[in-house]
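Order as written gives the chain letters A, B, C and D; numbering starts at 1 within each chain.
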């Protein structure tokens, strides 16, 4: 796996910087025969679009996706999909301090340490814009999974100190924060107003629930399904913790309260609880998969911050311009996309786990 | 990367089951010229040895490692190391219910779902014994890192509700729990006594701190250093959450309190704080790397538990035999090993990041 | 490695079909600091351009490359390069028989067998147009290698029965066949005239010589440098055999005549001959690397050929339109590109082979 | 893929040196449910055993394989197989010149260049002994393929100037050279007698024919099935050329004579010839797959040869000891093993090529 690729059988390779000509993704390993058009992908991209509320940047991204390869007569051909979004809003401007100093909380310093210099325009490759390609690929993965009866419910669980108290899936798309609890969303809005007044920013938690996953996906050791999800989610910028099922709560439990029992009814085996979040020993157990990503506060704030120039001079830096006080709502679709990509890969990788299934597949049982 | 391998340049492939003939690991990509002997590896393996306290299983594992290849005249040759531990204590016994029913909290059910049947002896491949190979490889990685001035401090941060209050590195090896706080260790012991009386078990948190890491390791997108650590740690059985730096605490902070500032002194740039845990934008920043793994309570408990047979009959299962009421102390070296393997791989992968360095390396600058 | 990617550290991912919107490549792992502009790549693409002689198709491909990402202020940033060529000449036409029958010598039948249907326009993904992305990436690789003092000399060694008799590198670019022997080129032209009169086609042999390669590249087992070259060259459509050094001639030799001796002079060790073609035991020995690819005759000929429709009806097929009677000359730059990509990857992969070098690299020796 | 691993879904990792403690292989991705015992593997290993004729080394290798993991109650479990052969005949001796000089035709020089030093005992990792692990893994692959109705016929096609004139599969196992032509075998014997008298050695050609391969395996670009075979075969030490189907003969043909036509009969489509060797556009077409590997003369000869010491002094070297005048017969099973490993991997990789098949596999069509 190269640094810009993810997956073994369903392989996603993203490219592009914040203020380059375009951003995109190559999706390799998409099976032949999937009906796919640009609208399928646009729907996902629109979910991460800025400017949808006063809490997200007003930069107009447009982000119209173009399918450049891999689709013929409305269906995928089995060869790589190339998906591209042109950068529309490349306002030429003076980057001033940012070109030669290190913004706290950003990757400016580490890029310079690694590469010797950096594309300082809008964060370059470390910008949240990079997730455009992930989301485009996620739309393809989600469509494949949909064809297999697998569905996602992803939402904001908390923003700063404001957590959801209720869970009404229908409300997720009714507020600017993708919260399944309109009242919590209202409070989150108030909290962000205060952050903005304080020239400050907030983080939050995103939860992703996946239903319809067949049992048996994932591998026992390094390819544990939860390990792959952890890799996928932690690879999203600003994520600082990943949980599966009960996550950090497990240390407050005992074996007797954390173990999920089994019950049989009408020949069907189900679990009596789901503390594990749908994955046992790294392998899906057929129940709901539950993931959480913890996202740090947006690092770009307009308060003065202590930093240095690349030449090693101390500096008080104020960052102006278009910045979200919170990126959590826009990251919801990114988390869902990474989860969908991971799961699609696991589905394909699992197909050779049993010799009887291989024989049947090739009509030689 | 295959299901039993981890890494791109420093590649670790483990094999073996709990009650098979042997367990082991192939370490590919270890550079030539590292002084290495069996004692180096044995030291690590002994840290995960059971029977060291009354809170760990009394099974005698012995676990004497043999280097089968890759070392000549006391130094690694650059070709694969094969490290093996024979299983000594394979007491033949009647597995009874366990052979045909699903233990709650274990991978029995999911293995059957994936593979159609399973090696039910001691959990087979899903046993904690599988980590033997990881720890043997981790010893090699840690030795390489040591040669580069990189050091680890890994310990138990909490067991059940008992967290460390102080941090005295010198105390880590002075108690059965590898806690840097002897008083917390005492309380943890009392808590586990109660768990054992209740026929129950506990989980806990392991923290790993890495010092001496050069800035610039890790890649900007899917190969983020923190994403690789998350993959590595979550691939350890029983881990249900992974944090980097402030981890889940970040959502309680604002940008102004979470951002790490920079300061220059005598031409050297350092950070004013380390909320990020040593990684910015997926790339190491030269400060201490801080990781945490949350481990669930040991699933094997001697209370009756509700489960089913593989033929779908309901059953009340009691598990007897040798089981740790807590696996956290023995997992400390496993977490350190996975962190060391991940970091070694990142060190090697980074070497072609800059053309000037490549030219210098080949003497063509 | 995904099906459309090649390499471990310098990873090339191509996408696009013959008659799709565009073709391109993502180059991941290009070090930061390489001066790169579109002209660097255009020069390579022009070498595979059709319409340069009466022996190559008259289709106008234009093939103007666009760098979409990874370059800032004229230098690579270390992040992925996205290179794209728009398809200009997508003449809409009736594909007639070709849409539903299987052209002999082409991949039509096998694509249908694998994917259930295919993009039949110009061969879709199996078209020679697919090599556009390889050549664009090859230009980047060749530029990196040039910075390290490594140079290529690639040419047509034979077309049909006409082989070069002399070797004058200066003549390579002076004839339509890239032959280092103008008189052989003349004869090849005559031979092709006859092929065209006969509504037939020809194959040939391409040779690639690489100078300035440091000793020590490649790995002892599956990553042998010659094995990687064999993979790379055989992955070019129409290549049916690959040779290293003396290649198939070795079986006519004995150990005493095939072995390359060594000699020392002024402290420098060189070989007394180069039957091995610069690679011993899978590792470069510092002498010239010599590779050959054998290319089959162009399968598209305007003679009637026996075939079947996809519905299983027998058919006599005549293929009309723009087709090269020989593809060998245009494949010269493709072979060079694949060799350059392979070698660049091997250069980067080798950097962690010795611990002393790793220590020196990180300033910790 | 690491340097000592091969494959994506069926992954083989070999380890071990000529005179180390043991050699072995980890086979990862073997499906659960394959009946497997040590005899299955021993049969393959015995085919590469030395001492079977006067033309192969008299070193007694024994080579008794042990299955250390991955099999339970006689069947593979889906977890990694660890297969090991102890080195029995590690005669301690004075390696004399060989320890500090470079044998012509061997990897001594290149190993020193790469790693700074080497295990000089019997060639270390570059010894033909390394193929032990490949052959053990090949036995597993061949058994899987056998369960799917896929069979191999692999034999020596020529030794030095002596080629087979007839093809009688039944005779392959009746002569020391695995030639399907006993009279040619006799002549080869005479030729080798002369070589031995001359203190010289010979090379030869191995051909591998595979029947029963389903159409559709392999991928259109870098994962072409023939490219994977080329990689696999060229990774065997001493192989200097690889051909598919008509191979190097294609350049003597024209499109009209090289193209394989198609014919339909009773609804079944077959080819009218098989110049392509069973692979079109990188994808298997359902007809016989034909591969050839060209093997150089054994480099160890007892004639004096010109070489140098590692300190750069000129030297005339005579190599004594146990050496085959030809390795071709013993390499027959190595070529077959590499072909079987490659094909098994391709079979598993292909399973997600079509969405309708994925849906059917998961019971969701």
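General remarks:
Criterion: contacts are C-beta pairs under 8 Å (C-beta built on N, C-alpha and C of every residue); 3 or more make two chains touch, one makes a residue touch a chain.
Please read these numbers as outputs of a predicted model, since none were measured by experiment.
Among the remaining chains, B is positioned farthest from chain C, on the basis of C-alpha centroids. Remark: among chain pairs B-D and C-D, C-D carries the greater number of C-beta contacts. Chain centres here are Cα means. That of chain B falls 37 Å from that of chain D.
Rounded to a whole number, the gap between the C-alpha centres of chain C and chain D is 26 angstrom.
Residue positions 2-5, 8-9, 14, 29, 32-33, 78-79, 114-116, 125, 220, 349, 353-354, 356 of chain D are each in touch with at least two other chains.
Within the complex, the chain A residues that touch chain D are 8-10, 29, 31-34, 76, 78-79, 144, 147-149, 214, 220, 347-349, 351-359, 361-362, 364. The touching residues of chain D, when paired with chain C in their complex, are 1-6, 8, 14, 102, 104-107, 109-111, 113-116, 125-126, 130, 158-161, 195, 198-205, 215-217, 219-224, 226-235, 237, 240-248, 250-256, 258-264, 267-269, 272, 276-277, 279-286, 294-301, 303, 305-308, 312-314, 349-350, 353-354, 356. By the touch criterion given at the top, residues 2-5, 7-9, 11, 13-17, 20-24, 26, 28-29, 32-33, 66-70, 72, 75, 77-82, 84, 114-119, 121, 124-125 of chain A touch chain C in their complex.
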